[in-house]
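What follows is subunit A paired twice: with subunit B in the first complex and subunit C in the second.
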Partner chain A sequence: MHKLHVDLSLVVVALLLVVIGVTMVHSASTVLSGIRFHDNFFYVKKQLLFASLGTFLMFVLARLDYRKLQRVAGLLFLLSLVFLVLVLVPHIGQVRGGSRAWLGIGAFGLQPSELAKFSLIVYLSAWFARYPMRVQSLIKGFLPLLLITGVTLMLIILEPDLGQSAVIGMTIMVMLYFAGARLRHMGSLVMIGLAAFVGLILMAPYRLSRVVAFLNPWQYPDTIGYHIIMSLIALGRGGLLGVGLFHSTQKFSYLPEPQTDFIFAIITEELGMVGAVFVLVLFLFLLYRGMLIAMRSTDRFGMLLAAGLTTVIAVQVIINVGVVTSLMPVTGITLPFISYGGSSLTLMLCAVGVLLSIARQSRIG
Partner chain B sequence: MAVKQKTKRRPAIFWRSQFMFFAIAVGSATLILRLGYLQVSQAKQFQSQISTQNFFSLSIPPSRGWIYDREGTVMAADVPEFVIQYVRYANDTVSATAVAAELAPVLGMSANKLYNIMINQTPWEAAVTLVNQATPLEMSYIAEHRNSLPGVIMVTVPVRAYPLGMVGAHEIGFIGAIPPNQVNQFQKLGYPNNALVGLSGLEQSYQNELMGQYGQEKIPITPGGIPLDQPIVDVPPQNGDNLILNLDVKLQQVAEQALQQRIAFLRGVGETNVHSGTIVVMNAHTGAVLAMASYPTYNPNWWLGGISNANYQKYLTNNAGLNRAISGTYMPGSTEKMLTAMAALTHGEMTPNLLVDDLGGLQIGNYYMHNWNQGGFGWVGLKEALEVSDDTYFYQVGLNMGHFNTSNPPANINAWLNGGRVSALNQINQLGKAFGLTSLTGIDLPGESAGYVTYANPPTLYDLPAAAIGQEEAYSTIGLATYIAAIANGGYRVQPEVVHAITSPSGQIVKVIKPHIVDKVPVSQAYLTIIQQGLELATHGQLGTATYYFGNDPANVAGKTGTAESGNPNKNNSVFAGYAPYNNPQIAVAAVIPNVTGEGFRAAAPMAQQVIDYYFSHPAKAVVLPNGSNK
Partner chain C sequence: MKVTDSLIKRRFLFVLLGTCGVFGLLIGRVVHITTIETKFYRQKAEQTITRSIPVYALRGQFLDASGEPLVKTVSASTVIAVPSQIRDPKSTAEKLAKVLHGSLQRIYRLLKKKTLMVYLRPYGRRIDEQKTRAIRKLRLPGIYLTEESTRSYPLGSMSASVFGVTGGEGQGLSGLELYYNHVLEGKKGAIRYVSDASGREIPSTNDTYQKPQPGYDVQLSLSTPISEFVAREIDQVVAKYHPDHVTMIVEQPSTGKILAMDNYPSFNPEQWRQVSPALYNRNLAVWQTFEPGSTFKIVTLATAIQEHQVTLTQRFYDPGYYEVAGHRIRCWKAGGHGSQTFLQVVENSCNPGFITLGERIGKNALFSSIKNFGFGKKTGITLPGESKGILFPLSRVGPLELATTAFGQGVSVTPIQQVMAVGAIANGGLLMKPLLVEKYINPETKEVVQAFSPHVVRRVVSEATAAQVRDALEHVVAQGTGANAFQEGYRIAGKTGTAQVVENGHYSRQHYIVSFIGMAPANHPDLVAYVAIDYPRPKNSPVFGGTIAAPVIGHVLADSLQIMHVAPSTTGIPKRFRLGIDPSMTQVLNLSGMKYQDAVRQMMNSGLILRVSVSGHGDYVVSQRPVAGEFVPQGSTIRLYLGQEQ
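Right, the complex of A and B next:
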């Protein structure tokens, strides 16, 4: 127990991000909520609910011994795979925004890909911890791992959710790196990954058009470049100090779904570059703490788990902000802790809970 | 073993972690630098891109150009009308209810009815018109209660007016809603669907010049249709250019009255078949159209604001909307004879000294073709033939052109029908093209019809001589005018022009339309002089067919009457083509009244005389061009 106070900073930063998130979801979604549900607070109420649930789970997980996860890792992963298959079945999986990615539970929806992302990290950490040397072997370690990851990614790509699978793929790469995989194995994997990416783009033209749009959005102002242009206008309007909280105009249905993937654009518009950099610094601190926890963890499972969870957050932040600032093609990746979305927010807070639990065992402080 | 592993693993993990820290630091730095670049140094550029945002656009119609006659008399104008409109923002029914409740008593209707108009009327348009001609009371109320009446606006809409009514109706034309089959074409020009465009006359042919450019009021809104508190972008309309015509309104009125009175007179003496006619007065040297009348006619004001059913029936009766002066083609009768003679002379098929013994007609194979004077005129030369309009003489000229010897007909008649006959008709047709008879004159009005020569099928022995006296052709009145003008002016075929100049809304001259000589007809001056002398005899000679009218006319007119079988039994087209003064031509005149009983000169010639007399007592002044604002 006494170790908890040591990582108070992590708790504070995570909760600060959640508070900023809830505030911004309210600001960004108020117009859309009004139009869709005749209730300006519709989205923020749901977000607050999940923030509470997530915070509660965070503290529960922080008190638990994370090593128990090692024992249920296989079960958890299997459950995620079942969900991933279920979600692909029409009538069971719900289609939103072009992807069959939601399992409906009453008024709420669960995104199995979010769950799979975390359970895969747990499972691989457990696997690496159990067979520490196998990761260096191509046949006994590297290829089976690729198979497990590949099956998961394939199910997610089928939804299709290319962004989520990219996040998972990159996270697994970093975990392999931490687990001590041979660099030449990883090098060839990167090459194969790139080839697969190109292949996927060639298979579905809309992916290519998204790439093209990000390179020159002004060429397609009415169609595929629209998101990016609206995002850039938000950035331009925000300037250094922003137009002020709640004063965004881009949220007036200019930016479609401003409360989810493009919430960072609303932050830049309302709070300016100062606010945006503040949010990034909070993330940077969170990632620093996460990596520190990984480095100082006393066991291999904890080290890999912490590294994996931190990496997920890092990858999502970089992709999300990269998209908003037109450095990357548009992919539907949420900004951790901030974007609207129950599954994402709850599981991110759970991840912080696990990090806190690992920190308790480590030599932090 | 375990300890050894740990010590071996430590450094690797350490370095790999260090690399991760480095990667995250670089990633974050990139994002922050990118933010700085976009938000601070590029901010202005993205703000200027705000134009890609959504706007609620209201089209502001330009004022259409005015049309003036040569002395500055207004023939078409745009007068402002104050219109109250309601701008419909999507998803904004709440404020509409409030506006309807407040505005209904002012506009004198129930709130429910007003609300219904505001929401449901013309749903395809961005704004709905509530009141078309707003009273000062209504306007002042709205001006004072602007804040409590969001979306209610006052717009000045230019409305067309034709102050002279029926005068020059066919030339001015009218405007109206875009016809369904032309919607795409006008959309490409950027016209809104509710634009009014020229549908006839100059309003149609000079649509682009008269129209101007639509302006726009762009109100920034969300894609959901909610107005934003941002400045309205105002693009003012560009008013259309004005037209200054060659037309002389006074002469035009005289021409229209002469035409109408002549038709009324003929109908009064029992000629109920007579219901239409045309007359054109043109400058013989420049082609400037001074007057052009077509009867029956209509009032272009009927079309404004949508034509009523009763007026539409009037417009359709006897095809009153048709400008017969350019769209109607009529058999020319004896006015053809100059063309026949010139074709024969230039092709060497006759000499100017040809004499023909007119015994009252000509035997051609089994057919005997009568002269109009069945007693015959005896020996006549070309000038006398034109003076008395001797048919026999021109039968002979026609047969000469076809190399047909009546006393020794060709052995193979079929070969002649397809050979000599056709090449003679071709000679007439070709020269007709040069004079603007069998070709388009190129007048700046829509709907012109070209005249033609009929090549009878099956061919007959007599259709060539019939063609020689104008029974196998059909020409437009404007074509006859360019023909007689070219005879008068020494062989220059001019293009008839109704418009003299185009001026900008501020009155600056944009373009002066210069006289355009289409070609020099291939007829020598010597031959033209003989024809001119023949025409002078026709109006002044002892036996001249038009001497009765023009013999003592101070205007010294030269011209030719024509009578052509109109197709109705015993009914003839009455035609006149002439110019004046004979020795110094100023104007060319062509007139037609179809379906007259008996000899045609009774109808067209006296009407033409009235107009010519008026012209020389009130000669057309030079076109008045503006030297400043002209509105």
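Right, the complex of A and C next:
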């Protein structure tokens, strides 16, 4: 028996983020859960439940050999696609916040797009490991992979959840680059991706209005600029040290859904610049550990899987904080480990579990 | 190119470095917002999260020259509720219903209303001292007491168009209320609290009450007794002649203070919403412009004397018309006044005489003098809606325009302009700016916040000229066209005016504006008074300023001087008795101090043809009006004031 090697710093940082998350979900959601469910602890209780489940799964996955994933990758991905199709069927998929994105009963629901995000990463990693050279070929590698990704994204866009598909699209692009795709293919892909993104924005008026609001929020303080302004006010109100935990006023129905997409604004309001920068540094450290694990991994699957999982975290943090600080137009992306959301939290912790498993194998090797 | 581990690792490194760069950007942005921009956003947050319920300040009052209120503010405590702050609407409603003796259900419904603030109508409005104290003692969250004020008008419709009206929130809408709104309104207070996006108070935050600051009282130059004389005269004119409009102004010439100003028709300011907006938006005394007619001859006369173009003893022959540029302008008197001195020209208000004066002065000097007297320009009275009037542009003044201007036609002026111009003659040659507001007074400390002193605009004629003009005008009253303004002992000087009104491009044969402007005592006038009566409709008598307007000014000046304790004088120009026009005069006996029965018997026995009316109760005559020694027309009424003691 080998002694269990765990990347302790990664575990500590991930759990620290979860603890901050649970605390902030509680602070941010008390008002809203009080109004909606007459229970100030409604959201935090659920978040705590998923945090526990996620942590449990994290340790289970850490103990397992991640290479088993390589074998089930195809099946997992297929299952995800089935879920993605199922969720689009009325009465089966539940609509929340304008998107038909949830499968499940009552308040507990699975977000198939979350699952698809991770299974696609696993599937691509397995594919790259199996055909290491094909990614350089346009016909045999690059385009078929894009097709697979495109179908997945299409299904998610139909929900519609443009934010989630943007996250997946960007992550897959980075993975293609990691896996050794030709730079000229990458260049064209970036162009096409941008064009598609612009096209999707122009197609839906609500997306366009978000861009307009982003460019000049103060011109529309009561309508499309409202989110951005309320978010900036929360940030600015926080100042250096914050107004103190639980003392946010922006969460009093000024900032809509403060426990999910705009939780970083509440963190900054209550804990100030110090708290916000602390959280960002934790994330940066997590990303650094993730990439270190990727670099130290001994096999191609482990390398690309670790890098892919790290990338998805990075993309989400960047978009989420970018939106909250008004560096990007409003997009509904959760802050990993922190935002309220069962599927997201559980799967993020599972991802950390897989990273831990990869780290363990590399040490043994 | 082979896909090697080292290639992949190199790409990992690139991406990691890029990520670090992006994170640097994010952190930089967070730092920027939370440090440099924090002040801006805190302000915005403050604006967003604090709700402010305005608490109106008590509006300042208008006071007359002696400090008595003309337009009052009546206030009482009123209960307001902020529904989102009420923790227990049920028990709050119960407690309030008990104190206010109101319907529990109605109060409860008000407390549950989804508004920022609600007045507890009707039980909680204008509550008495006792209820106020009881409510204050309850210290109910979300229940506040505030002072609510309304306007009250002790003088009724008197001078209503001068004061103007206030709107639903007490804001000035017209007249002095509008012009001095910034002084009267005070500073609103506020109830401030931290609220969530739907207006509910966020728990464990403080609310603050900022007391409103009451507005200043505005003390006017208006004299209530003189205003009452003016109102009485207007009433009589209206009853007798049924005119369209009447305007009256009384001024103190030495200071330019306006002592009275009123217009007919007036309105009840408490119910201004039910009358035509023209009534409360237009103060005819400063808004209306019309051809002044003969009153304007005062300006021509003063200019001619000032420019040494005439001495009043010079002779002039009036054939009854005057030929100007092919037009024959007739004198008002058919056949003319014949040979007369220029003093008689003034007494008779002879148009050809004044045309001659105008020609002697010349158009440049006459028009520059008219402008000097303030015509063609606003006087600057502190009232909204003042008009400028119209003068011929100098380039278009030919002989005909010069001639008509000299006797007051073809120019358009406001009543206030005429008063100020004649005021300059009265005070020895200085054009004053009308002074309507004397001071702002803090109603709490009674301290004078700001005082306004008389303002001389310019000297228009010399003292000597002014004195000569006054003398001529005293002759007008004592011996000329203004005879009906004569009041024994008060040395009234003045000038009549009768101007035809242009209707459909022609001078109307029925529609006249008759006016009279007078001053007294002539040697050193304390008062200038003016009346203009638009479209009087007398029965069976011609329309002349002398018969309709002159007595009005005579009465007002005499009564006003009496209450100002200006002693009657015997040095004035004696009245020329006009048989058949002027009534026979009788001297009043002294009846004061006598027993009532004795007084009446004495009156009968004396053979004086006088009537008696009585005020008060008692056996003794305490005083009388008019006083003993005064001359009154036969058939006049002597008012006896009775009392129990001698």
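FYI, the second predicted complex is superposed on the first by the 354 of 365 C-alpha atoms of A that agree within 3 Å, B and C clash if a C-alpha of one lies under 4 Å from a C-alpha of the other, contacts with A are read in each partner's own complex, and residues count from 1 in each chain.
As a convention for this text, a residue touches a chain if its C-beta (ideal position, glycine included) is under 8 Å from a C-beta of that chain, and two chains touch if they have at least 3 such contacts.
This structure is a prediction, so every number in the text was calculated from the model and none was measured.
Trainee: Clash or fit: what happens to subunit B and subunit C when subunit A is overlaid?
Mentor: In the arrangement built by aligning on subunit A, the partners subunit C and subunit B clash.
Trainee: With both complexes superposed on chain A, which partner does A:284 reach: first (subunit B), second (subunit C), both or neither?
Mentor: both
Trainee: Touching A:17 in the superposition: subunit B (first), subunit C (second), both, neither?
Mentor: neither
Trainee: According to the stated criteria, A:325 is in contact with first (subunit B), second (subunit C), both, or neither; which is it?
Mentor: both
Trainee: Quick one: classify A:116 as touching subunit B (first), subunit C (second), both or neither.
Mentor: Neither partner.
Trainee: Output check: A:135 vs subunit B and subunit C. Expected answer is one of first, second, both, neither. What do you get?
Mentor: second
Trainee: Out of 185-193, 365-373, 491-499 or 563-571, where does subunit B run into subunit C after the fit?
Mentor: The listed stretch with clashing C-alpha atoms is 491-499.
Trainee: Touching subunit B in one complex and subunit C in the other: list those residues of subunit A.
Mentor: Comparing the two interfaces on subunit A, one with subunit B and one with subunit C, the shared residues are 31, 132, 174, 177-178, 180, 229, 232-233, 235-240, 249, 252-254, 268, 272-273, 276-277, 280, 283-284, 287-288, 291, 294-295, 303, 307, 311, 314, 318, 321-322, 325, 327.
Trainee: Please name which positions on subunit A make contact with subunit C in the complex.
Mentor: Spelled out, the residues of subunit A in touch with subunit C are 31, 132-133, 135-136, 174, 177-180, 182, 229-230, 232-240, 249-250, 252-254, 268, 272-273, 276-277, 280, 283-284, 287-288, 291, 294-295, 300, 303-304, 307, 311, 314, 318, 321-322, 325, 327.
Trainee: Which residues, counting only subunit A, touch subunit B once they are in their complex?
Mentor: 31, 35, 132, 174, 177-178, 180, 218, 221, 229, 232-233, 235-240, 249, 252-254, 268, 272-273, 276-277, 280, 283-284, 287-288, 291, 294-295, 303, 307, 311, 314, 318, 321-322, 325-327
Trainee: For subunit B, which residues are in contact with subunit A within the complex?
Mentor: For subunit B paired with subunit A, touching residues are 5, 9, 12-14, 16-17, 20-21, 24-25, 27-28, 30-32, 34-36, 38-40, 42-47, 49-50, 52-54, 91, 222-224, 226, 228, 230.
Trainee: Going by the contact rule set out above, which residues of subunit C touch subunit A in the complex?
Mentor: 1-3, 5, 7-9, 11-13, 15-16, 19-20, 22-23, 25-27, 29-31, 33-35, 37-38, 40-42, 44-45, 48-49, 194-198, 202
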